[in-house]
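Pasting the structures here.
Shared between the two complexes below is chain A, which has chain B as its partner in the first and chain C in the second.
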Partner chain A sequence: MGAGTPPLPGPPKPQAKALNCPKCGAAVVLRSFGQAETVVCASCHCILDAKDPNLAILQQFEAITRDIKPLIPLGTRGRLRGTDYEVIGFQRRSTKVDGITYYWHEYVLFNPYKGIRYLSEYNGHWNDISICKQLPMDQGGAANYLGESYKHFQTCDAGTDFVLGEFPWQVRVGERAAVTDYVHPPRILSSEKLDKEVTWSIGEYMYGREVWECFKLPGSPPEPMGVFANQPSPVTINVSGIWAAFAAFAVFLLVLMAGFDMRAKKEPVLQETYQYNRTDAKSEASFVTDVFELGGGTSTVEVKTSSPVDNHWIYLNYALINQDTGQAWDFGREVSYYHGYDSDGSWSEGKRTDTVVIPSVPQGHYYLRIEPEADPSLPAIPYSVSVTRDVPVFGIYGIAFAALLLPALVISWRAYTFERSRWSESDHPPMELSSISTSSGDDE
Partner chain B sequence: MFRKFYMLYGFLVLGTAAFGQYRGWSLDTVNQLKNVPKSVRDNPGSYRSVYSGYHHYTGGK
Partner chain C sequence: MTQPTANCPNCGAKIVFRWSSSVQTVCEYCKSILVRTDVDLKKVGQVADLPPDSSPIQINAEGKYGNKSFVVVGRILYEYDQGGWNEWHVMMNDGTSAWLSDAQSEYALSLATKTPNLPAASQVHVGEQFIWNYQRYTVSVITPAHYRGVEGELPFQYWDKTAVTFVDLRAESRKFATLDYSDPEPALYLGEFVEFDDLKLRNLRSFEGW
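Then we have the complex of A and B:
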């Protein structure tokens, strides 16, 4: 385009049309360029025919609550999904379930080129709503729209309590419509039946802060209360995917366990049997074993103690001492076994063997210092000590398994409780649901 | 996002388990000491175990 070329004529700049209410004379602003069917006088609450040049009065209603004020004032402009919109209408709607009245608000947004769309707000939860481009398929308890399946959430009777601004339909206060909602978070599919006319709309969940950013509203949005029908789960993951990953890790863990078990030498380096005599214990009870060699690098060392105790105990103070370096591992082990019979039947506790695994013992020449103690009523008791190097520690796998399981459980629990809260507000209480907890949150 | 984190975490857990097994880690508690005199071998009574004097359970229901 040359510098001297006159600019092409663009679309007309949007301008509001000002009229006066035929009832009270207050100014009535029309912002939707003839797209509105009705306009409401904010002063006297007359619903006027926007198509009539004289603004014929269609209905006058008494505002039950004069404090009802839209969170987004009429005339506010904002950029929603890349398109500029102006708020031209506002209505409060309600439904009564089990004697409790629930209120929500709907905002009519207008763009001269894109037309009308809506925002709804309930307890701080927002939805960006537009009229469906295709007719959804009702599948009995579910609906399908553009290839996506929506679960039935609730059916209720919704009434219009309060209106303000312009509406692209013949709005009336007191009008009641049968509303059915289907959800597939973060979307909600709604059918609204008024007389014989059914209107389908599709909504997508929005956070209050997103709405506030779109319309550059001052302050902060109201905090959302509870969980809304199509609110996306904060556990934005596929729970079954996590369990699949957990199963894969558990298999890896089994392979690891089998591999290390096969690799472990389990080499016996000492096997001795001793006798504890109480009379000898009056002198020095401690003694040392022969020196044995731990080869093959740093590894675990298992010390196993066995004694045929019977309603008695024997306790051994052990020290595994490296003859060359003076490094020692000091530990005490008890072998005790008790049993009997009482009013509850027979009982037993303890074991006649005890096993301890000493961690990360370097190779070298070692001996055991053993200092036995025993039940004073025992005159003498034999016990055997065996030392084995390089044994697998299965407890490590147990901890690893628990460490893998815990996040999966936490995520599943969070997803379950979130879905439970969601569906507790529906026509399908949580007890009837089994599959829903795993199906939501799949939208990553 | 969380799935990636969980995958990373899972490999970390498996890696730690494998490393622990390789290095000979154990779940049992033992007291490690250094510079135990060589004389203990000839005179075991000169060594004092930190566990001596442990109050023993006398058992029974």
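Then we have the complex of A and C:
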């Protein structure tokens, strides 16, 4: 500092400006320290030139929508992604699709250091939006931004029908822009074309309760209706990842099954054919087989019963008895096979062979006691009984398979129905059965 | 203190040059526009007070760009039909000069790049593409602007310029280019958009209530 030069008074601190509407005299506050291009008088709905010290009137719009109230009042401050922002502007926009008008709201947020940010709200769905710093690549049906691909969702003609507060651009009621949305949930990439200027913005989905928390708003946010374009799916797990894991487990199970099948000895220990005669059965109901040896430790034992039944049944009461200890396993098996014709064509029910596996039979000497019963119309029928030890059991794999398949199916279904409701609101609705038939008719 | 100093030929106040290559400065006290000659400073004009604006940046603000630090030494305030923006002249700690532009809190840093055979203003159209430094740029907007005011040290003389044409070009990255047709010979600036937080700015203005 040179001698004699007084210290410079710093430039005055910028302050929020209080002015008066040139039309109705109501107070107009400028909160953005000169960043606003236009400001709207809240009382008479004049759009004023915020750059003009006299606030020249740029447009006056019919305030038929006077009762539209922003959910977050102008001047409210909140903390969004670590930065304080103040709500300085609000606009309602609309688009007409198939004769139905849809409305959404946009809030202009301001921080003197970070600048402008936006919040949008549609039917209780919120988005935190900022202007793209990079130019996305438009690829027709998709757009690429920061290395991520966004799917085209909707193109519509968006009009502005109500404005309040300050805007960093020349806002006018009645102005229409072509808006194209691309989605990659939870993000949405939008291009807005007004005259020749294209503005790209990037938004991230926000839940109403998050907005309420940021701005410390009283009460609770409006309940979201339906599924929004970039709303994150409640299925947070990657569905294709689930199926990849399922496939890996299925392969693992198959390998396990093959391994056990190869290791199983499948050793035949008894193979006999008997003849059932009704006359004999009356006198001597049951008989025993020869003694056979089950060696090689505790293992599974399979008992297979076959009989050439034809619209008959045969029922066998079995007892597998350990000759050494007297321990017995009682079980009954039925072999039945019915077939015929009815109005639906030919039918059949049952099989001529029945198989049962007894788990964990200790080694030792065994015999079977068999007590056959048969259809009263059957005078006589042959049947064969075969016993095999150490057979693989596959039922448990079926249960494991189903236990894995079920959650994968449920999750996939939930993900599918959510995506279906998302895309039903887009320009690319999922095909309905009816539309498939009509469109295939159009092709011809 | 090795900074070259002189006195304002108009009011006698001390003029300190923070950047040795400055060609022009504005006296902080009497707002005289001073141009450096070989021997002394010459008053070539007078600036009006700058209009109040909303930029958080001011002369003497400091920041970082990559691993270099910089100090803001000068400023040009431009105006066009949609508003205005600031080009802050910054001096890097390696002695190079760069421009930190601030358009409604969108920040970008650019450097003058000596490139031969630049297109003439009349030959440039929106959508046209150019390749500089192995990077493809697309003309996004052509803006006729004018000087609204200057402050501090500048690497060139501005005082006889008023209307200027800028051609903005965007790349499919954070990079951008600007063709400046202020002088008969076009100038090319290459730069990139930067995040406010990454600039680690200090000595910023304060805003009432924030």
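The rule is short, and it goes like this: the second predicted complex is superposed on the first by the 362 of 444 C-alpha atoms of A that agree within 3 Å, B and C clash if a C-alpha of one lies under 4 Å from a C-alpha of the other, contacts with A are read in each partner's own complex, and residues count from 1 in each chain.
Convention: a residue touches a chain if its C-beta (ideal position, glycine included) is under 8 Å from a C-beta of that chain, and two chains touch if they have at least 3 such contacts.
Please read these numbers as outputs of a predicted model, since none were measured by experiment.
Chemist: So, A:G350: does it touch chain B (first), chain C (second), both, or neither?
Modeler: After superposing on A, A:G350 lies in contact with chain B but is clear of chain C.
Chemist: Using the touch definition from the top, say if A:Y338 reaches chain B (first), chain C (second), both or neither.
Modeler: The first partner, chain B, only.
Chemist: For chain A, which side has the bigger count of touched residues, chain B or chain C?
Modeler: B
Chemist: Touch check for A:F33: first (chain B), second (chain C), both, or neither?
Modeler: In the superposed model, A:F33 contacts chain C only, not chain B.
Chemist: Tell me which partner A:I411 touches in the superposition: chain B (first), chain C (second), both or neither.
Modeler: Touch status of A:I411: first partner only.
Chemist: Is A:Y113 touching the first partner chain B, the second partner chain C, both, or neither of them?
Modeler: Once the two structures are laid over each other on A, A:Y113 reaches chain C alone.
Chemist: Return first, second, both or neither, reflecting whether A:I358 touches chain B, chain C, both chains, or no partner chain.
Modeler: first
Chemist: Within the complex, which stretch of chain A touches chain C?
Modeler: It comes out as residues 2, 5, 8, 11, 13-16, 32-35, 37, 51, 84, 111-116, 131, 133-135, 137, 168-170, 196-197.
Chemist: In their complex, what parts of chain A are in touch with chain B?
Modeler: Residues in contact with chain B: 235-238, 241-242, 245-246, 249, 252-253, 256, 260, 284, 286-288, 298-300, 311-313, 315, 317-319, 321, 323, 326-332, 334, 336, 338, 340, 342, 347, 349-350, 356-361, 367, 369, 371, 373, 375, 390, 392-393, 395-397, 399-400, 403-404, 407-408, 411, 444.
Chemist: So in the complex, the part of chain C that touches chain A is made up of which residues?
Modeler: 13-14, 28-29, 52-54, 56, 58, 82-83, 104-106, 126, 138, 140-141, 170-174, 193, 196, 204-210
Chemist: Show which residues of chain B lie in contact with chain A when the two form their complex.
Modeler: Against chain A, the touching part of chain B is residues 1-3, 6-7, 9-10, 13-14, 16-18, 20-38, 40-41, 44-45, 47, 49-52, 54, 56-61.
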